[in-house]
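Lettered A, B, C and D in written order, each chain numbered from 1.
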Amino acid sequence: MSKGKVCLAYSGGLDTSVILAWLLDQGYEVVAFMANVGQEEDFDAAKEKALKIGACKFVCVDCREDFVKDILFPAVQVNAVYEDVYLLGTSLARPVIAKAQIDVAKQEGCFAVSHGCTGKGNDQIRFELSFYALKPDVKCITPWRMPEFFERFAGRKDLLDYAAQKGIPVAQTKAKPWSTDENQAHISYEAGILEDPDTTPPKDMWKLIVDPMDAPDQPQDLTIDFERGLPVKLTYTDNKTSKEVSVTKPLDVFLAASNLARANGVGRIDIVEDRYINLKSRGCYEQAPLTVLRKAHVDLEGLTLDKEVRQLRDSFVTPNYSRLIYNGSYFTPECEYIRSMIQPSQNSVNGTVRVRLYKGNVIILGRSTKTEKLYDPTESSMDELTGFLPTDTTGFIAIQAIRIKKYGESKKTKGEELTL
Amino acid sequence: MSKGKVCLAYSGGLDTSVILAWLLDQGYEVVAFMANVGQEEDFDAAKEKALKIGACKFVCVDCREDFVKDILFPAVQVNAVYEDVYLLGTSLARPVIAKAQIDVAKQEGCFAVSHGCTGKGNDQIRFELSFYALKPDVKCITPWRMPEFFERFAGRKDLLDYAAQKGIPVAQTKAKPWSTDENQAHISYEAGILEDPDTTPPKDMWKLIVDPMDAPDQPQDLTIDFERGLPVKLTYTDNKTSKEVSVTKPLDVFLAASNLARANGVGRIDIVEDRYINLKSRGCYEQAPLTVLRKAHVDLEGLTLDKEVRQLRDSFVTPNYSRLIYNGSYFTPECEYIRSMIQPSQNSVNGTVRVRLYKGNVIILGRSTKTEKLYDPTESSMDELTGFLPTDTTGFIAIQAIRIKKYGESKKTKGEELTL
Amino acid sequence: MSKGKVCLAYSGGLDTSVILAWLLDQGYEVVAFMANVGQEEDFDAAKEKALKIGACKFVCVDCREDFVKDILFPAVQVNAVYEDVYLLGTSLARPVIAKAQIDVAKQEGCFAVSHGCTGKGNDQIRFELSFYALKPDVKCITPWRMPEFFERFAGRKDLLDYAAQKGIPVAQTKAKPWSTDENQAHISYEAGILEDPDTTPPKDMWKLIVDPMDAPDQPQDLTIDFERGLPVKLTYTDNKTSKEVSVTKPLDVFLAASNLARANGVGRIDIVEDRYINLKSRGCYEQAPLTVLRKAHVDLEGLTLDKEVRQLRDSFVTPNYSRLIYNGSYFTPECEYIRSMIQPSQNSVNGTVRVRLYKGNVIILGRSTKTEKLYDPTESSMDELTGFLPTDTTGFIAIQAIRIKKYGESKKTKGEELTL
Amino acid sequence: MSKGKVCLAYSGGLDTSVILAWLLDQGYEVVAFMANVGQEEDFDAAKEKALKIGACKFVCVDCREDFVKDILFPAVQVNAVYEDVYLLGTSLARPVIAKAQIDVAKQEGCFAVSHGCTGKGNDQIRFELSFYALKPDVKCITPWRMPEFFERFAGRKDLLDYAAQKGIPVAQTKAKPWSTDENQAHISYEAGILEDPDTTPPKDMWKLIVDPMDAPDQPQDLTIDFERGLPVKLTYTDNKTSKEVSVTKPLDVFLAASNLARANGVGRIDIVEDRYINLKSRGCYEQAPLTVLRKAHVDLEGLTLDKEVRQLRDSFVTPNYSRLIYNGSYFTPECEYIRSMIQPSQNSVNGTVRVRLYKGNVIILGRSTKTEKLYDPTESSMDELTGFLPTDTTGFIAIQAIRIKKYGESKKTKGEELTL
C-alpha cells in the first residue's frame, strides 16, 4: 500500500532519477515535477524517463513569463545584487519553482515534496523555506540529508550501480568537471575543478555568452524604455538584416536583452561568495540580460530619481532584498515587507536609456525623460544664475560650518592635529 | 597698505588668473598656491604667470604620494563608490589639496584663502568645509559667490577684457565645450555640451583612456598582492619588451595600475549624479586605476573576509564614507569616526588577485591567499562530508522554519494567499 | 496700493502682532491665520486683536482631529522618537499647521506667507520646506531673517515701543524666563534660564503634567486596544466616579490618554538636543499622551510583530521617519517614501495592552491578542518538546559554529588571544 | 577508565546536580565550575555539594570586576538595548562566564565542556558559540539536547527520583513557578506562570528592586561623572547618615548605582521578546544599575557628542552590538569589528550628570562639562546674533528647497495632491 504521494523536483539527470526510484522503493507514489524557467532542456525526454522509472505522473509548469514579470523585473527595479557583483540568477528562480511545485503538490494531493539538492548548498534552504511558507504542513523528504540515503549513495559509482539495477538510462556523455544550474536569467558553474579559486575557468566551460575576445567588432546599440522602473520597450537594429526591431512584452524584452548581451560578450563573472550556511564557495556566472537591464536602470535613476529617495533605497531596500533573495527568504514576512518598498521608489523612473554593447562592455550612450523634471540643465549650469543665488550657497556652507569649526577648535584645544 | 595676505588656489587658467588680479585690485597680497596631485600641467608656466600677474609668491606642493597613501588606497580598502558607479576621483583629491593649501596659508601668514570654484558645484563646499576644520578662524574669499565679482564678470568676455586690461596672457587654443578636472586618479568632464544628458560625448573628448574600440587585441594580465587590504605589489609582463615588471611603492603601484588600465580602455563612465546642493548634474569620468584596484580588492574580500564583517562594512561603512567624501566632509567628526572603521575590517584581506584587462573589461582570472583559511574547498564541496553533518542543516532549516510556518499559517487563517 | 496679500501665522503674542503691523506698514494686506492644534489659547481674543491691528481677515482652522489621525497616530505606529527620548511633539504639529496655512493662503489669494519664527531654530525650516512643497511659487516673508526687521527690533524694548506706537495691546503679565510651544501632544520649554543646561527647571515651569511627587498615591490602570497598530479603544475606571469609561474616536482616545498621563505625572523630559542647523539646544518637554501610547504600542509589537520585520523597521523606518519629522521634511519625496513603509509593518499589530500609570511610571501589566499566533507559550516553554526537536538546535548551532571555529583557529594561528 | 575530563557549568541546583551525576555515570571525570558574576549564591554550599556528588574538583572564578570593566561599562558607552527596552543583563554575562569556563577547562585539561541550558533558549547558543571561538576543538556535551538524557528525564519527578537514588540533596523549599537568572546587572524571570503574557507578575516575584509603590517618599539625588563615556565617579548623599559618599572604582560605581536604583524602585520591565531561535518568549527583568547609568550616559551625549557621530553610532553600532550580544555572538569577527567602533565614538563624552531617583523614575536634573564646547548657549540663543547670520539660514533653506519645490511642482504636474 502506498505511503502517500510525493511531488519530486525532477531534472532528468542521474541524481533525481535515482531519488525517484528510491522513493518508489520506500513505498511512495511519486509525481515528477519540472519547471520551465527558460533553461535549455529536453522536457519530453525528461517526461518519458520519469514515467519509465515509475512516476505516476509528470507535470511540467511553464513559469517563464511569471518569472520575468513577478521576479526578474522587480529585481531590475531594485538593482538587486549580492556581494557587489552577483545578480542572483539562481536565487531569483527559486521562489517561482517552489511556488509551482507546491501548486502541483496541492493539485495532485501530495503530502510531501522532495528535491535532489545537496546538504551544503543554498538551494535546499531556498526550496524548503518556501515550501513551509506556502504549505506549512508539507513534509520535506531530503534524501541528501538522510543518512539512509547519503550513506548508501556515497559516490557516483553507487548511483550508477543503482541506476543500472533499476534500468534507469544514463547519458553516455562524460560528466563535466563542474555543476551547472541554468535559467533564462543566467547559468551558474561551481564545484569540481572550480573549487580551486585560483584556477581560471577553461574557455569551453562558458556556455551562454560569447567570449568577449570572440565577440563582434561592430558594437550593438539598443534603446530601453522604462515606466515606473520597469523595462517596457527594447529597440535595436539587427546587425544582419539592418532592420529595427522593437519588443514590448516583458518576456520578449527580457529575451531580447539576453540575446544581444550574450552575443556581445556581456555578463560573465567569477567570484568567491558567502553561502547562507556560512561556507565560502566559488561560482562562475553568466548573467547576460540582468547585466544590461540593471545597468540601464541604474543610469535612468540618476536622471529621474530623487537623491534622498535613492540614497534611502540604496542603503536599505536593495541590500536587504538581495540578501533575503540569496538566503531563500522570498516567502517570509520580512521579504513581503521589503518587497512593498520597491514600487513606491519607482514612480518617477520613467524614460529612455541608450546603451552600447561591445565585447563585454555595457556603455551608456545617453538618457532622456519626457515626464520627469528633476534634472534641469539650466539650473545646474555653472554659467547660469537661475534657480537660486550663489549667496544661498554661502549660507548653506555657513550652517554646515558651525559644527565643523567647533571640531577644528576642539582638536586645537586638545592639542590634536588634524591630518589626512 | 595691504589688507593682508590671501592664499589663492591657482590653476594658471583664465578664471583664477583674473581672480588673482582682482584680489590684488582689492588691496590684498596674494600667495598663489598649486597642488601637484598628478594632473598633466605645466607648473613652471603657471608659476611664471602667477608672478607676472603680481603674486608675491608661488608655492607648488607635491601631494602625489600622500594622495595615494592617505586617501586613494584607503578608498580602495573600503571599496568607495558614489551612486553605484562614481569612484570619487575629484572628491578624493579635495582633502589633500585643502590640507596643503592651509599648510601654505599658515606658513605664509595668510589670514584668508580663496578659490575659483563656482557657486553651484560641490568643490566649493569640499574646500571650504576642509578649510574651516583645519583653520577655524580662516576667512574664505569666494569671488564666484560675491555679487561684486560675479556681477562684474557675468560672461567669458568680461573675463577676457579684464585679462587684456591687466596684461594677463590668455591661451590661444579655443576653449573646449566642457570643463575638466584632472588628477592621477581620474579626469572629469562636465558642463557645456554635456549638459544635455542624451548627448553622447564626442570621441575626442576622452583624454586619458584609450577608447575600448581602439584598445589592443592582446589582453594585458597583471597580478596584484594585497596586505591588510592595501595593494602592496603589482606585477605584469610588458607587452612590448616581454619582460616581467614588478612595483611595490604605493605611488608606483598606483601609476602602473593607471597606465595599464588606460592603455586597455578600462575606466570610463558617463552618469547623471546628485550634487550635495540638491542639483542633478551630468558627468563623464575616466577613472582607470581605481576601477582595476577596486575590482581586484572586492574580489579578494570574497576569498578572505568574514561574511558578516563584509556585510556590516558594505551596508554602513562603504556608503557613509563615500557619501561623506562626495559631500566634502573629510575633516569632520563623523568622517574621522567612519575612517576609524576601515582598517579594522581589513586585517584578513591578504592575498593575490590575477586580473586580465581587455578592451574595457576587467576580468578576474583567479585569486589566492597564503595566510587566510576562511575558504576551504573540501568543506564546501558537495562531494565531501567533512566539517559538519548534512543533518545539521536540517536543524538549521527547522529553526528558520519556525517563524516561516507561522507566517504561512497566519496567511491561511486570514484568507490571504501567498503569491509571487 | 496693496503690494498683495500675505497669510501670516499669527499667535496673538507680541512678536507676531508687531510683525502684523510691520507687514501692513510695508504695504501688504494681511490675513491672520491660526491653527487650533489643541493648545490652550483664547482664539476669540486673538481674532479681535488681529482685526484691531489691521488684518483684513482672521482665519482659525481646527486641525485637532486631522492632527491625531494623520500625524500623531502614525507616529505611534512607527514608535517615532528623536535622539532616544524626544517624542517630537512640536515637530509633528508643523506639517498640519503648514498645510492649513497654505490652504488658507490659496483660498484667500495670498501670494506670500509669513511667520514669526527666529532665524536659529528648527521651526522656520519646518514651515518653509512645507510651504515650498505645498505651493512651490509661494513667497516666504521671514522678518526675523530680514535685516530691515531684525536690526530695527533688536531687543524686546523695540518691540514694546513699536507696539505702543501702533496701539497694539500688550499683556500685563510679566514675560516668563523661557519660551513655550504647546499643542495637544505636548508643550516645550526652552531658552531663557534654561540655556544653562545644568539649571534644573523650576517646579512652577511645568504646566501640563502633575509633578510625579504630587501625583496620586492610587495608581491609574487603563486598557488600550490596537488594530493594525492604531489605538482604537481606551478604557479606564474613573477614580472619582468608579465608573468604567471607554472611548473609541481617535481624538477622544488621544485626549483620554493625555488626561490620564498628565494626572499621574507621566511624560516629562529634559534634554540637550541637536537642531537641524547644527546647533545644540536645551529643551524641556511634557509629552504625556505619546509617552503612554508609544510604550503600549511597543509592548504589543513584542507580542504580535514578526521579529525580522520589527528589526528592519526599527533599524530603518523609525529612525529615518523621526529624523525627517524633526528636520521639517514631512512634505518631501523621501518622507513620502518612508511613510509608505509604516502601514505595511503594522498588519499584525492587533491586540490589547493593560497599562498602569503611577507617579511618572508607565507599567505594563499584561498584553493579549485574539488574532495573532506568533507567540505560542507551549512552543517556547522549556518544559515542552513540541514544535521542533532539541536536536534541531544542535544543527542550528553547528551551522553558526562553522564560521566561529574558523575565527578561533585563525586567531590561534596568528598568535592573537581572544579576550573580553 | 575515564572517558576524559569535562568542565561542567554547575549551579548547585537540581538540574546541574543531576547532570553532574549523569556525566559521572557515563564515565567522565567532572570539574564543577561556577562563575561569580555578582549573583546571590552560597558558593561554599555549592562546592560542598558538587564534591559530594563526585566532582573531581570545584572551581569558582570571581568575574565581578572584569564583568563591569570589560562588558557592562562598554554596554553603557554604546547605550546597548534590545527591542527598545531590554538592557541585556543575562546576555552580557555570558561571554564573561564562557571565557572563565574555557580558561578552567584548559587549566584542568578538560576535552569537553557541559552546561544545563535547555534546548529552546538563547543561553545554550551564547555559551556554545563562545566555547567554539575560544577553543575550536572543544566538545560540547549538552544533555538537554541529547535524546538519551532528555527522554530519560522527561519530567521533574524523574530528576527527583534520580537525585534520591544518587543521594543528591534537594532543597526542601518548593520550586517557584518561574525560572530566574541573576547577576550583578540584573535578574530575569521567565517560564511557569509567566508564560501567559497577560498575567501580571505577582508582587512577591520581584526580588531585587523595591516596588515603586513602596519606595521612599524622599527622592535620592546622585551625580555621575563620565570620562570618554565611562562612569568614573558616583557621588550621593546617604539619606540615613546625611553624609556624602563618593566612589570611583568601576565595581564600586556599578554597585552604588545598583543599590540606589534598587532602593528607589528603578529598573523593572516586563516584555515579550524574540529569541534568537525564532520563538517569542515573555520575560520580566530587574535591571536597576544599567537603567540609571544608561540614561545618564544618553543625557551626557546630548551635551557632548557631535550630532552626526551620534546619529551614525545610534543607527548602526548600538543596534548591531545589542543584537550580537543578545544572539551570543560576542566572540565573533563581526562583534570584534563592532566593538572596535565603540571607543572612537566616546572621546568627547566627558562631563557630569545630576540625576534624581524617585519611585521608579530616573529624572535628569542637569548636566555639565568642563572640556567640551559643542554646546554654546550664546550661539543657540534666539536672542543673540553671534556665530552666524540669520541670512545664512535663508541660504540653507534655499538650497534644501531646490529639491522640495521640484517635488511640489512634479506633484502638481501629475495631478496628485500633497496631503497629510
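The criterion applied here is as follows: a contact is a pair of C-beta atoms (placed from the backbone, for glycine too) under 8 Å apart; a residue touches a chain by one contact, two chains touch by 3 or more.
For each chain, UniProt lists the protein as follows: A, B, C, D = Argininosuccinate synthase.
Computed from a prediction, not measured in an experiment: that's the story for all the values here.
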Of B-D and A-D, pair with higher C-beta contact tally: A-D
Recurring contact interface, reference A-C, options C-D, B-D or A-B [over half identical by residue number]: B-D
Geometric centre distance via CA averages, chain B-chain A, whole Å: 30
Separation of chain A from chain D, taking each centre as the mean of its C-alpha atoms, in whole Å: 41
Centre-to-centre distance between chain D and chain B (centres being mean Cα positions), rounded to whole Å: 43
Overlap residues in chain B, where contacts from two or more other chains coincide: 277-279, 306-308, 332-333, 374, 376, 379, 387, 389, 391, 393-394, 396, 399-400, 402-403, 406-407, 409
In the complex, chain A residues that touch chain B: 66, 70-71, 79, 83-85, 95-96, 99, 118-121, 124-125, 128-129, 132-136, 142, 144-145, 147, 150, 179, 191, 195-200, 212-213, 219, 268-275, 277-282, 298-299, 302-303, 307, 310-311, 314-315, 319, 323, 331-333, 354, 358-361, 363-368, 374-377, 379-383, 385, 387, 389-391, 393-394, 396-397, 400-401, 403-409, 412, 418-420
Touching residues (chain side chain C, partner chain B) in the complex: 306-308, 348, 371-374, 376, 379, 387-389, 391-396, 398-399, 402-403, 406-407, 409-410, 413-414
Residue ranges of chain A in contact with chain C within the complex: 277-279, 306, 308-309, 312-313, 316, 320, 332-334, 336-338, 340-341, 344-345, 399-400, 402-403
